[in-house]
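The structures come next, written out as structure tokens.
Next come two complexes, and both contain subunit A; in the first it sits with subunit B, in the second with subunit C.
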Partner chain A sequence: MNQLVQSLVDAISAGATLGLAALSIGLVFGVIRLANFAAGEIITASGYSIIFTWQLGWYVAIPIAIIIGVILSLLMELGVFSRMRTATPATLLVASFGLSFLLQRVYELLFTNNVQTAAVAPELARTISVGGIRFQLLSLATIVIAGVILFALIQFLNKSIWGLQLQAAAADFRTARLVGIPASRVIGLSFALSGILAAAVAFVTTVQTGAVGPTFGVPIVILALIGAVIGGIDKISGALAGGFLVGFATSMLASWLPSDMSNFRDAYVFLLVIVVLIFRPSGLLVRGGTVRT
Partner chain B sequence: MSESINEKTIVNSKSLRWKLGPLWSLVSLLLLVYLVTVGNSYLGDSVSVQMQYALVNLVIVVALYMFIGTSGVLSFGHVAFVALGAWTVGLLTIDPTLKRNLLSDLFPFLFELQAPWLPAILIGGLVGGLLALIVGPVLMRLNGLQAGIATFALLLVVGQVLTYWSSIGPRSGQSMVGIPEVLDLQTTMLFALGAIIFAWLYQRTRPARLLRATREDGIAAAAAGINIVTQRTIAFALSGVVAGVAGGLFALTNRVVQASLFGIELTFITLAMLVLGGMLSLSGAVIGALVFSLIDLILVRFQNGLEIGSYVVSLPQGARPIILGVILVLMLIFRPSGLTGGREIVWPFRRTAPLPGVPPTNE
Partner chain C sequence: MNSLRPTWERAVVSADSSQALVGGLSVDGLEVSYAGVPAVRGIGLEVPAGHAIGLIGPNGAGKSSALLGIMGAVPRSGSVRVAGQDVDGLSPEQVVRRGVSLVPEGRHVFTGLSVRDNLRLGGVGRRAKEGYTETLEYVLELFPILAEFNNRQAGLLSGGQQQQLAIGRALMADPDILMLDEPSLGLSPTAVDSVFDALNAIRSAGKAVLVVEQRAEFTVAFCEKTYVLHDGEITLELKPEDADNVEKLTEAYFG
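Presenting the complex of A and B:
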């Protein structure tokens, strides 16, 4: 019982992290049909900045991480993707692969192949006991952080004019432009939000690992991208739910698979992904027609 | 497709030229690969070794083209077939006593299983094709991004299984060593030429034409009675064979095989070569692979220090992949349909066929 509750909390926290990462990809995909693999490198950049600036205090490190995430995300849009508006989603995906590869090599050159370490928020890296059940404080904190960010994002998307414009563009970009929604603002906004979410993912993950290397963001973005697609990358809620599901399943399998099978944990997750795609090709949360790609 | 109209008019006017046109595109590609290989083999041993890797990559890119170019569906899964081919060749060619010592957890029957390297490569191809044939009917139902993610999941599953299942390979994360040194540059080139001929023959067949029709318009093709899943599975399996052969070549070239070699990086680099050349034509696949490899070759020369007159120009370590990445991204921005723009090499002296009903212009 005790173990079940602990593993559930851990799984929810892993799901929340990947949900945010998947949302970061889904927001951009909804608007310009780009499945941005290089979102992982935004996470890495924010991660590096947190490691390097943490000693200055969280009130310095976190804003800097967010600013770096947003700037890098916007630079990707301005430097590369804005010049590829007519390319197919497949070409865009390959371009984002290229960008991801390129940035990883730049990180290698700047910060070497070794991981950079710092104790980020060590006060979160301990366990607390509630009613006889021990929890990792970080897991609880992650769930709270993800909840707050999600709440703020939903408020922004539903209450502000910019948020509504973004939703309109995600639903139907062409019609949104026809009714006068400025394309460049909406696209820029989606990239900026994507950068903020990436910074949040970077914070939670650096607290957990305390180390950032050139490929820090890659495993996160792989699972997030897969999650976004099986949830329905076309819808913002679909991407979030899919990312959550993949994180949750990965964490639960890690806790409960017998140890001689635990090496194959990811293989089971990916098999599950293939099965979901076969039966619900347009995503778990999407009804009817397939994604426009 | 306007191409089919063109072809028909050419058939009517000069049927010989119609036959020679595509053949010329094949011959020129074969000649190109031959000349580049021979040219590079004069530049010293280290270049020869690099050229051999380049040819292996070329075979992978041809396999990718056979499926992606013909079907228009993205696949990240072909490197899984490459991995299986490499694994097969490794298990069949490593000396039995060495195998018993190094890979002690293998299934007992695998200790006895041996084959000379040439049949081993072909068996590797069949194993790759077999996996493609098994998963094809399921995966080929998907389109677009979903197909990309599902094939990507296949790549990751195969990678995990090969990494951790010690009954069919080394213990977790370790590598297979002791693969014999038998493959030289010339033989590798012959395999590359063979792969190009195989892909060219395939793209002239009826299944390939049907599959191209589904690429252009899936709904219309289905309405015309084409079974999309079947046609895609045929292409997937055949390209899986070519990818498996490439894996065998890789094993014999690298002589050390490890699951981590067949992951996202190889997938990305070979896909980048295809996109660089233009993913809708065989010429694009071959030229993309050659150009990418040649740029890399030149950068390696610069990295080791190249004397120009009295100056020595040398690139800092680590700059090479960055330059490659920049070139790729710039190419995608300025020429998204690739170097060849998806066309085949055509007979340079061919007059363009007049359209029916259009009088010839006087110049």
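Presenting the complex of A and C:
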């Protein structure tokens, strides 16, 4: 029983992290149809920033990580994607692959191929006991952080006029422009929010690993992209739910697969993804059978 | 079936069209093509303030392309002037800020958002922030159903209510020129009547109205002038008194 509750909490925590990462991708995709693979490099940049600045205190390190995430995200938009407005989603995806590899090489040049380490929030690495059940404090903290961010994001999207503009653009970009919503403003906003979410993902992952290398964000973004697609990348809530599901399933499989099979954990996750996509090609949360084009 | 002879009281702001054009729309030599295939071939029209101008024609005649071209939503050539000012090279959102709003074909309300939020979004394209509350009051007075269903998700409204919302959303930008692409499409006769009653009130309030429609007789009777568009060109100009003979006239023309 104890083990089940512990693994459930760990799985919810892993799901929350990937949910945020998938949301980071889904917000941008909703507006300009870009599945930004280079979102992984935003996570990496914020991760490096946390490692290098943690000694200055969390109240310095976390805002800097967010600022770096937002700036890098906006630079990607201004430097690359804003110049490709008429490109197809496939072309945009390939461009984001190119950008991702380029940034990984830049990180290698700047910080070498070795991982950079620091004890980030070591107080979160311990376990606590609640009612006789032991939990990793980080898992609980991750769930709380993700919950707070999600609550704030939902409030922003539903209550503020900027959030409504973003929702309108994600639902129907052409009509949004005909209504008078400035395209550049909502696109910039989606990249900025994506950067904030990437920084949050970088924080919880850095606390977990204490080490950041040039490809730190890659495995996260691969799973997040998969999650976003199976949830329905076309809808913000779909991306979030799909990311959560993939993180949850991955963590549960890690806890419950027999040890001689745990090497194949990702294979089981991808098998699940294939099954979902065969039966729901547009994603789990998208009504109807086709993705909006 | 709607009456072929609606009895709207025409409230023309000024018979002198040069004066009325101060707040109106003037299009000259408008051309729109998709991948080299022309959809609109050099049309010209004027929509004075306080007037309704119709654009009718068969499917594929270029009616919607003309409206999208005026908005700058598709690449175009030719001149589009709003209140005497050139809007060439402007994006759709900039054209909205010059005082032109389009109610797109199929309504395209934001179905996942509430009626209130759809109207709020319509206000984003306003030229001046002042007067927002007055415009909202005007819209809710014009379409009382929107006040009643203020918190309802737009996707749950009927087709006619969604059309009212789409027009209300466009009016929230406080445009001088309101363009509508097939506002009667898919609506019941009663819903069509209420939409055109509202358009009449909007015209009477001094706005310029450009309406693309499939219902020829209805449109000809409603508008001060209606152009027939065929294969991207204006081929015929009709007056309200031609409403009874629209079929005969267009048949005689197109064979």
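Quick note on the criterion: the second predicted complex is superposed on the first by the 291 of 293 C-alpha atoms of A that agree within 3 Å, B and C clash if a C-alpha of one lies under 4 Å from a C-alpha of the other, contacts with A are read in each partner's own complex, and residues count from 1 in each chain.
In this text, a contact is a pair of C-beta atoms (placed from the backbone, for glycine too) under 8 Å apart; a residue touches a chain by one contact, two chains touch by 3 or more.
Since this is a predicted model, take the numbers as computed values, not measurements.
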Combined model on subunit A: subunit C and subunit B, fit or clash: fit
Touched partner set for A:V94, first subunit B, second subunit C, both or neither: first
Superposition-derived angle with apex at the Cα centre of subunit A and sides reaching subunit B and subunit C, degrees in steps of 10: 90
Partner chain in contact with A:L137 - subunit B first, subunit C second, else both or neither: neither
First, second, both or neither for A:L164, with subunit B first and subunit C second: second
First (subunit B), second (subunit C), both or neither touched by A:D172: second
First, second, both or neither for A:P182, with subunit B first and subunit C second: second
In the superposition, subunit B vs subunit C on subunit A residues touched: B
Subunit B versus subunit C as contact partner of A:V229, first or second or both or neither: first
Per-pair minimum CA distance [subunit C against subunit B, superposed on A] in Å: 12
Touching both subunit B and subunit C, residues of subunit A: none
Touch list for subunit A against partner subunit C, complex: 161, 164-165, 167-168, 171-172, 174-183
Residue numbers on subunit A that touch subunit B, as the complex places them: 35, 80, 83-84, 86-87, 89-91, 93-95, 97-99, 101-102, 105-106, 108-109, 218, 222, 225-226, 229-230, 233, 263-264, 266-267, 270-271, 273-274, 277-278, 281-282, 290-291, 293
Residues of subunit B touching subunit A in the complex: 74, 138-139, 141-146, 148-150, 152-154, 156-157, 160-161, 163-164, 172, 264-265, 268, 271-272, 275, 318-319, 321-322, 325-326, 328-329, 332-333, 336
Complex interface listing, subunit C residues touching subunit A: 71, 73, 91-93, 96-97, 101-102, 104, 108, 110-113, 117, 120-122, 124-126, 169-170, 173
